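Both of the next two complexes hold chain A, though its partner changes from chain B to chain C.
Entry: the complex of A and B
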């Protein structure tokens, strides 16, 4: 039985021909918004996110200040023309939730205790969307925070793991997200540190506990590639600064 | 933002004491860490609702009502009814809640309950089409908090489930293409047999617990809400800012499965 299942997985063809554990081509760059204290772009294939950090700065109104630590405030938003059917500008319930999820995904690694009474604003905009936008947004945001010099214990990496019918795959595209054959699509965006500490996980679809564990193992595996790109991007940015000096 | 307020409402000294208790596997109210409070359910709380339920989990209380009307379908689902879930945290239910536009906490409860029901395909939305591409049923699930003593999330999801089970479809005038309000058919909302239940597990220190009281929820470091029907997970959301190691997450999955069984048993007589 197991053997048969394995065969099925081998035969399974993703719509764009990728292997199950193959991410779309990624690219990352810091310094894309010169005005910001830190900024970055991150893309998975056609999904492009940019993030800009302003702060730490004074938090207004004053009654929102936390005297014990700094406040992280994320704002995720999709540009109206980032998808085929225009999105009405302004906040939606979805974008409010993703903003909060992004804060929770990032804050565990940030050392913001020492910035009491201040706020760090992270603005994330999706320029072009082809699924996995929150993951691209989180990857851009952590790079922008590092670029802004916010001290952190570690980076976090974010990736969407999917289950298409019975097949576990990494980095879902829109076409895959809309998968209808068999058991349909299950979408599991996951954010973790390189040590395997989860800071974010969500799930929509249909999955057993055993398959979910497989999905997490796959996330752990492919996260290494994302982490390598993040590190490379930041190192090169430091190198460029040194060269200019 | 509201976490700060919470801290002020549950004194640090109380929080410390809760943690000391938990470390010994004990809770203030004598429950085990994985023990859900008693669930009390009352149905038919509004004559004007298509279906309604009052759910009490200990001192926590929510009201959930179902209303239906008709509308044009969404372009991406021309032959399916629409589902809308909203939650309102009434200022009357806690000093933590204020009037005004919905805050994140309310939005999150609405969205999580929405996904627990939608992703499990509990409502057979394809059976709620009147005329493909033109007219379908809307189902509104509205959740209100009446008293907040923790775990509004699981309470809201239970309320939605029971209210849906109760709901009858209103009469529909085909000539005028209008709903006849106040008159109902004998038809219930078509539901699947798999019952999706919200199982929220909180982590405080090294302890995992279910169904927190308000004080416990205030000091919760992270939580995972899993919507499952038996062996199948349909939706999940991790909340709050604290790590969860992968092994810890696997433990959460185990607790969730046991919790599903417990809650299902408690709800059994209301679901028949």
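Entry: the complex of A and C
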């Protein structure tokens, strides 16, 4: 495996000079929104996501209440200044899809059966975007949910794996996402628990079975790094949050 | 594991058949796994997680401070900071109430100290049929993070008693994070508020009782 990877690096150079399995520098912080019940910031390089969690609280309108379990409601939004060309604020086809995807990625680990008739609101805002925004959003959201004291089986980590021409790389940047040489770019956002169980996988482009397996293996590998950061952030935050309040 | 340590969800707290999973934990094979973010504590082989953040979760027997938000034909709807609303029935008021004059007893916007008697699917039932419970007539209300309430009260009320004695005011701490302070003068109420904020901010410090005593001494000068 190692030999194969080395060969790949020799042949292939990423635009920003990263190794195929190298993530952009990450940073994370919890307690960034004092008014919220839980909040977190997560960034992959230039992509910065902020998540705020409110609830469990009463769900309005009443007819949407679920008397069997709690409801998770995610709201993903890219702020108008997050990319160089202003994007129209408010819900769009894309942001609505990502909101739903985020709900599905988070729901399997959350234990919200006990919160009947209530809703947990997760607001994810991308304040600066450079690809992999949904992954940064999910990573921020799970930190914010943990910070809000929502019971969950485990944390989840999200990372985008890409295929540039024939090379599998981790954590795509915008430049790589628009790759046009050879077979072009394939974007595969993957969310998984630290145990390696997938909760979400999307695929945009073309890929062979064998390479998809490779991509998932790579995601498993780099997820460990992200998980370590999430864990560290939560553990250290406890002191800082109480300092600030 | 005498040391208290911070735990993230999904983390293995301890491993061994002899341990029992308590609140906020789950047993998976031999491991006791955390389900919430907080501080892990173990006593008599029972492992539990004390949450550090999040909203207030109502429990039976809690004394809370709430606000009247609505009046129905047989009681009052009370906002106590939870997802479900609180309800104070006419039957739980220890005096005669005219059915047409509920607002004369407590009107919308009034604050009260109440106790949770039961949690049903419909909501949280409250009572004021006990000493120390009832409508708040005067004084001042402040809010802290509900997770810091145990620290502010201290072991068997040690912390709050220092503040009460030091400032000479009467303090009622609601488990939902609202605190009612009633002193003889505004100054004493403000001093109490400052002291409570001091404790809430430093809730993670060890030996806080001593530090609070020293701080109060300094304040007096």
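Here, the second predicted complex is superposed on the first by the 230 of 245 C-alpha atoms of A that agree within 3 Å, B and C clash if a C-alpha of one lies under 4 Å from a C-alpha of the other, contacts with A are read in each partner's own complex, and residues count from 1 in each chain.
In this text, a residue touches a chain if its C-beta (ideal position, glycine included) is under 8 Å from a C-beta of that chain, and two chains touch if they have at least 3 such contacts.
Since we're looking at a predicted model, the values are computed, not measured.
By the touch criterion stated above, A:55 is placed in contact with chain C alone, chain B being left untouched.
By the touch criterion defined above, A:16 reaches neither chain B nor chain C. When both complexes are overlaid on chain A, the residue A:155 reaches chain C alone and has no touch with chain B. Contacts of A:204 after superposition on the shared chain: chain B is touched, whereas chain C is not.
Within the superposed three-chain model, A:193 lies in touch with chain B and with chain C [touch as defined at top].
Judged by the touch definition given at the top, the superposed model places A:113 against neither chain B nor chain C. Common to the chain B-facing and chain C-facing surfaces of chain A are residues 193. The touching residues of chain A, counted against chain B in their complex, run 64, 66, 85, 93-94, 96-97, 100-101, 103-104, 107-108, 188, 192-193, 196-209, 212-213, 216, 220.
Put simply, chain B touches chain A in their complex at residues 1, 4, 75, 104, 107-108, 110-111, 115, 119-120, 224, 226, 231-246, 249-250, 253, 257. The touching residues of chain A, when paired with chain C in their complex, are 37-38, 55-58, 67, 109, 111, 115-118, 146-155, 193-194, 230-231, 234-235, 238-239, 241-243, 245. Put simply, chain C touches chain A in their complex at residues 6, 8-11, 24, 26, 33, 35-39, 51-55, 83-85, 121, 145, 147, 200-204.
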